[in-house]
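Going in written order, the chains are labelled A, B, C, D, E and F, and every chain counts its residues from 1.
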Amino acid sequence: MKNWLQENNWEEVKELIKKSKGVAIIPVGSTEQHGLHLPVGTDTYIAITLAEDAALKTNALIVPPLWFGWSPHHMVLPGTITIRPEILSEYLFDIVKSLSVHGIKKFLLINGHRIVNVIWMQLTAEKAQRELDVEIKIFDPAYMSKDIVKELGFGPVGHAEEIESSHMLYRYENLVQIDKAADNPIEEKELYSVDPSYSHDTLCYVPTSVKSARKNAEKAGGVTGEPTKSSRDKGKIYHEHLVKNLVKVINQLQNS
Amino acid sequence: MKNWLQENNWEEVKELIKKSKGVAIIPVGSTEQHGLHLPVGTDTYIAITLAEDAALKTNALIVPPLWFGWSPHHMVLPGTITIRPEILSEYLFDIVKSLSVHGIKKFLLINGHRIVNVIWMQLTAEKAQRELDVEIKIFDPAYMSKDIVKELGFGPVGHAEEIESSHMLYRYENLVQIDKAADNPIEEKELYSVDPSYSHDTLCYVPTSVKSARKNAEKAGGVTGEPTKSSRDKGKIYHEHLVKNLVKVINQLQNS
Amino acid sequence: MKNWLQENNWEEVKELIKKSKGVAIIPVGSTEQHGLHLPVGTDTYIAITLAEDAALKTNALIVPPLWFGWSPHHMVLPGTITIRPEILSEYLFDIVKSLSVHGIKKFLLINGHRIVNVIWMQLTAEKAQRELDVEIKIFDPAYMSKDIVKELGFGPVGHAEEIESSHMLYRYENLVQIDKAADNPIEEKELYSVDPSYSHDTLCYVPTSVKSARKNAEKAGGVTGEPTKSSRDKGKIYHEHLVKNLVKVINQLQNS
Amino acid sequence: MKNWLQENNWEEVKELIKKSKGVAIIPVGSTEQHGLHLPVGTDTYIAITLAEDAALKTNALIVPPLWFGWSPHHMVLPGTITIRPEILSEYLFDIVKSLSVHGIKKFLLINGHRIVNVIWMQLTAEKAQRELDVEIKIFDPAYMSKDIVKELGFGPVGHAEEIESSHMLYRYENLVQIDKAADNPIEEKELYSVDPSYSHDTLCYVPTSVKSARKNAEKAGGVTGEPTKSSRDKGKIYHEHLVKNLVKVINQLQNS
Amino acid sequence: MKNWLQENNWEEVKELIKKSKGVAIIPVGSTEQHGLHLPVGTDTYIAITLAEDAALKTNALIVPPLWFGWSPHHMVLPGTITIRPEILSEYLFDIVKSLSVHGIKKFLLINGHRIVNVIWMQLTAEKAQRELDVEIKIFDPAYMSKDIVKELGFGPVGHAEEIESSHMLYRYENLVQIDKAADNPIEEKELYSVDPSYSHDTLCYVPTSVKSARKNAEKAGGVTGEPTKSSRDKGKIYHEHLVKNLVKVINQLQNS
Amino acid sequence: MKNWLQENNWEEVKELIKKSKGVAIIPVGSTEQHGLHLPVGTDTYIAITLAEDAALKTNALIVPPLWFGWSPHHMVLPGTITIRPEILSEYLFDIVKSLSVHGIKKFLLINGHRIVNVIWMQLTAEKAQRELDVEIKIFDPAYMSKDIVKELGFGPVGHAEEIESSHMLYRYENLVQIDKAADNPIEEKELYSVDPSYSHDTLCYVPTSVKSARKNAEKAGGVTGEPTKSSRDKGKIYHEHLVKNLVKVINQLQNS
């Protein structure tokens, strides 16, 4: 798919930049445990498929994906790779800086590693906006599906839960082993929730401690939430909702 | 007030740690423009008063306040001081590390500089939990007043708006010049809101660019929101709501 | 292809580690101009195809590819992305560190961005060997094809030259536009050569200055060498030579 | 007191900068053990009171205090907080840089944590003078009381000794428990003294090792010197001497 | 010898820069074990003598030597000092930057610590060329003696082997105790060689692991190679070959 | 001279460490303008000659000299090289760390670049004492000649003044061109002096700003002080005073 930067030679890149109206999508994911039913690349796959579908409808350029994120709390299970957030932030900064030299001044960062990566991406975004005179938006499915999630009957944002699993079922069915899914229902805690759509008072998100992560790993293979409630059809609605929002944001950038 | 670490000699500190059941509050603020009606120290004053009232009811120890935060977007108006987030994060880490040597293993960070400081504090919190075997909670008034703000008739979280101004009127009336307050009503934007209680789809928060900040400065002296709607009485209810939540969280920590 | 880490769930990763005898391949590339006939992702594609073919024959695990490298000298043409080498080195270090936690202690780094990436990868490799007690080998096609290149009638290592172009023709024909290839023959300079098979006295490699890079860009669209002499058949022999060497090195690691 | 930056809104800050003739005082202290008779905040309290009295006489602006310093050698007793000097230096640099954006180009740093903080403050001062085109003076009571200390019958500079204790008695009597003071007389060592007024050959100051610090802690609760010889009246003379010098230096800056 | 920067006053330095046609030599060595027959300063002595002889014939200026290099793999034997490569690179960068302020824009780095130091020197060279608009060449005896080494009957590049020992015998006979030399012949390994003149396929150089270093230390006192085959006469030919090349490179720089 | 580490092979180093009773001297200097009559290497020469004479009388081991220091304020004249203090501090730390691995636990740092280098050396010394369990003393001629300087009729510490010039005349007469010396008498300023023997109230030392440095350069070729009053005989007394003190300190270390 020729929206991907890597497939083009530099002359084609020049064209692509024009056609994209100067907007680049950077898909950012993670490689980390996602329970027994989802592949460790889940977060990056999700960022990739969102990027592709949005690019098709907007001509935006897509930068090769960032496969690794900040995942210290998932290191208790194999396959997880975690990079220090200060390194990730500088790494992404250099990508944005390089592209800004070539005339790309508007960026949409898609974060497949919901909530956690947002933290270091905010640091990059602010620094890049100030130092490089670019415009950066951060798109996170957890923040961009508030309007649809309850409607679909999904529970709160967890990890490898019914939301993510339904999404994967719709887009990467062959990578999902839904029969292996184990549930770990999310109980409401007083004054704490990871979910950005939580409407009550809450402390701020801090990645789980190793102790808690270990408990989760033992309980349900690293799942938080109820993946057995997943549905390919709901995944489709969820995906299309996100793509619709993506297109809106990219159009805003293209016309600003 | 003897809950403040700085007022005690080291023998008294030892006692204080015992009495606090090993819980320290760290008030984190900022020094930045807050419109024409609020002092530049507003965010720190708010963290301080919350810390004091919560400490009184829980015997928690209070660490001297951090007067400076991450405020690059307010540098367009005088009096603003901004520290790089990576420096703030290391600075706070060393405070936590030092106290953990003395046996304090539970921390409540109160962020007076709503939303913005949360970003770098999350980095510190995760690193400290993992490396120092401590427990850290981040308390931000914007996240901890979702249950009350609409009830009080306040608009969304902005800057130096009616929420913050009412709070300051209640606790530091002599530092407020409410007659100088100028309004800059917050219009709803599609797919963007700074307010954590916003219930619709949204991009993630990135500190305002310099260009936007300059516009705000010109429009209403740096205000976003409607401070003329402030009320000391509402400030009292708001404050007590936050203190009640603080006490809950501290008690949870003390009993964990 | 299930040798790729990202496609497996964590339980499968555990199996994969066993089957691989604890050897992981990390494909490292770049995204940079490669003349008018090759895509900017060339170096990463090459690392990927080598990794896949070697993994098939050895059961080694493959880590998701690193799409970005150190390319300051190619920034004169669009599509090039360059990351500071100290950031790349720390980034790769964290990948190795994470995997070593999961029991992988032997690494083969394949560098598609010949010669240039080797520099920072050596820093990572030494530090990781010393601090993490792992074993790391760096495989670079330019160093691993000395025995075959002259035989094939190829000129010296340049950039987007007949070697790289033949390789791409064999493995990714649809991404190559060989009719657009422009030549920029490499003249022998006294006491300088980039090519590791150069048998005479030479200064050490330093990435080209911006001034030189600009000249190359103007001359032949960023090419150094003679891509018009490319041949898919020679690319096949070259590729198989490299894969044979890869298999040998991986087997050495698996049996050490 | 309206010389404190934090109490003013940004319009008042503008006025304050004018009135101060562009001179800001930054009080820098520490939070560290000060024996059984002085609070752990002693060094910061001293910087604060000096700043306030000097500001009153010169209209200088005062920046919120830095409560934490470099105190690795006092970590053996509870209540001590130590920040790495490289972090402190960058932190202070950002404060100076922010204020220089608002037109403040002259700085007086008051160091309440005598001698020790001077080291990292010198790094900040040099860097800021060179990079930001500002003028910075470092005021340390130990260096600024050479002309008076012997006259007052005080022994050499130690820690929580009669000098510091007299000063605290004069300015913060309610925070001093002079009856708990224990003495640890300073013996003259060959070729070593911490005191800048020492007139003989000496090695340079290096913060005490942990071993020595532990000994001091056991001997006299962390005191070096003879606090039982403290006197509120001497404290007054000492304080006024320092303030007189401060006013001179600030006037020099204002008229340069 | 007045080509050494340090021996001149600043007025003479000005003259020296003119006479040198703006070319400075920086001799970079190491302090590390060199078997039982060579002093730990060997690598720096070699850089020094090459610098001096080349400067005599070209009027190039010589910067004081860098006595310490990157030697983690030799720490198993006493006398070895190793500096982190990122520190060495910044250190050398500041030297180049300082001299560029004084009008020196062309640099020849002589690396006495063959192969190993090249890695971090490449980082410095690229950064300096790009940021400071200077021209930098890296001269390493192992790369600059390919044309002569086989002719002289020397084996491959090792450590403290016959090449280095012959060179030392010729230039610093009084520092060599050739009777203590122990041999550790280099066996050809499949697909690995440290020697840049190796004409077959090879993995890239990574400094030896601690385990291997320990074995070498036990076998032959840290030697790799056959120093008993050393010859002062061959050392002379080798030295003169290197000096001839140095002069060529310096002349190129002076006339570019 | 076999006290120099670099001249010994590793077996001899082992002996040397024993004979030295585990004490190493590290001579630290600078390469910077020293007026028209002294070479730019002056500070390092002085550290070297002190190290050698003290080592002869104590058997201490000497580490190769550090030729570069922190000299930002002398960059206005050619020949000056300045390294960032944070880099110098890490560089020296690695030297100390390496030697501590080989059993050297006591260090005497001789600073030829009086006063200025002390700042970053203090950071290294504290960190090394705490992290590496070593003992470090910093010896600076300006602090170690208080007892003799007035007696010799010398004025205050400046730069390239009669003290330094007399010392160089005694030890390196052939590098001094005393007839070129120009005077720049040091006027007493209120509340400021660089000289550690100054007995009145003073601000703390901060390296001169570029503006002041430029003035000094124009006035007397970079001199501060009165080098025309130099005397080889006084230089001898001064040198012997310093060596006597060095021997005392080293003996203390050896017997501790």
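Just a few scattered comments:
What we mean here is this: a contact is a pair of C-beta atoms (placed from the backbone, for glycine too) under 8 Å apart; a residue touches a chain by one contact, two chains touch by 3 or more.
Everything numeric here is computed off the predicted structure, so don't read it as measured data.
Of the two chain pairs considered here, B-D and D-F, the higher C-beta contact count falls to B-D. The interface of A-C is repeated, with over half of its contact pairs matching by residue number, by E-F among A-B, C-E or E-F. Using the average of C-alpha coordinates as each chain's centre, D ends up farthest from chain C.
With centres taken as mean Cα positions, chain F sits 28 Å from chain D. Rounded to whole angstrom units, the spacing between the C-alpha centres of chain D and chain E is 49. Chain C and chain D have centres, each the mean of its CA atoms, that are 57 Å apart. Under the contact definition stated at the top, not a single residue of chain F touches 2 or more other chains.
Starting from chain B and moving next to chain D, the ring of contacting chains follows the order B, D, F, E, C, A. Per the touch definition, chain F reaches chain D in the complex via residues 72-73, 85-86, 111, 118-123, 125-126, 129-130, 135-140, 143-147, 190-191, 196-197, 199-207, 209-210, 245, 248-249, 252. Across the complex, chain A is touched by residues 4-11, 13-14, 17, 31, 33-41, 44-45, 63-65, 67-68, 75, 77-84, 87-88, 90-91, 94-95, 98-99, 101-103, 175, 177, 180, 221-222 of chain C.
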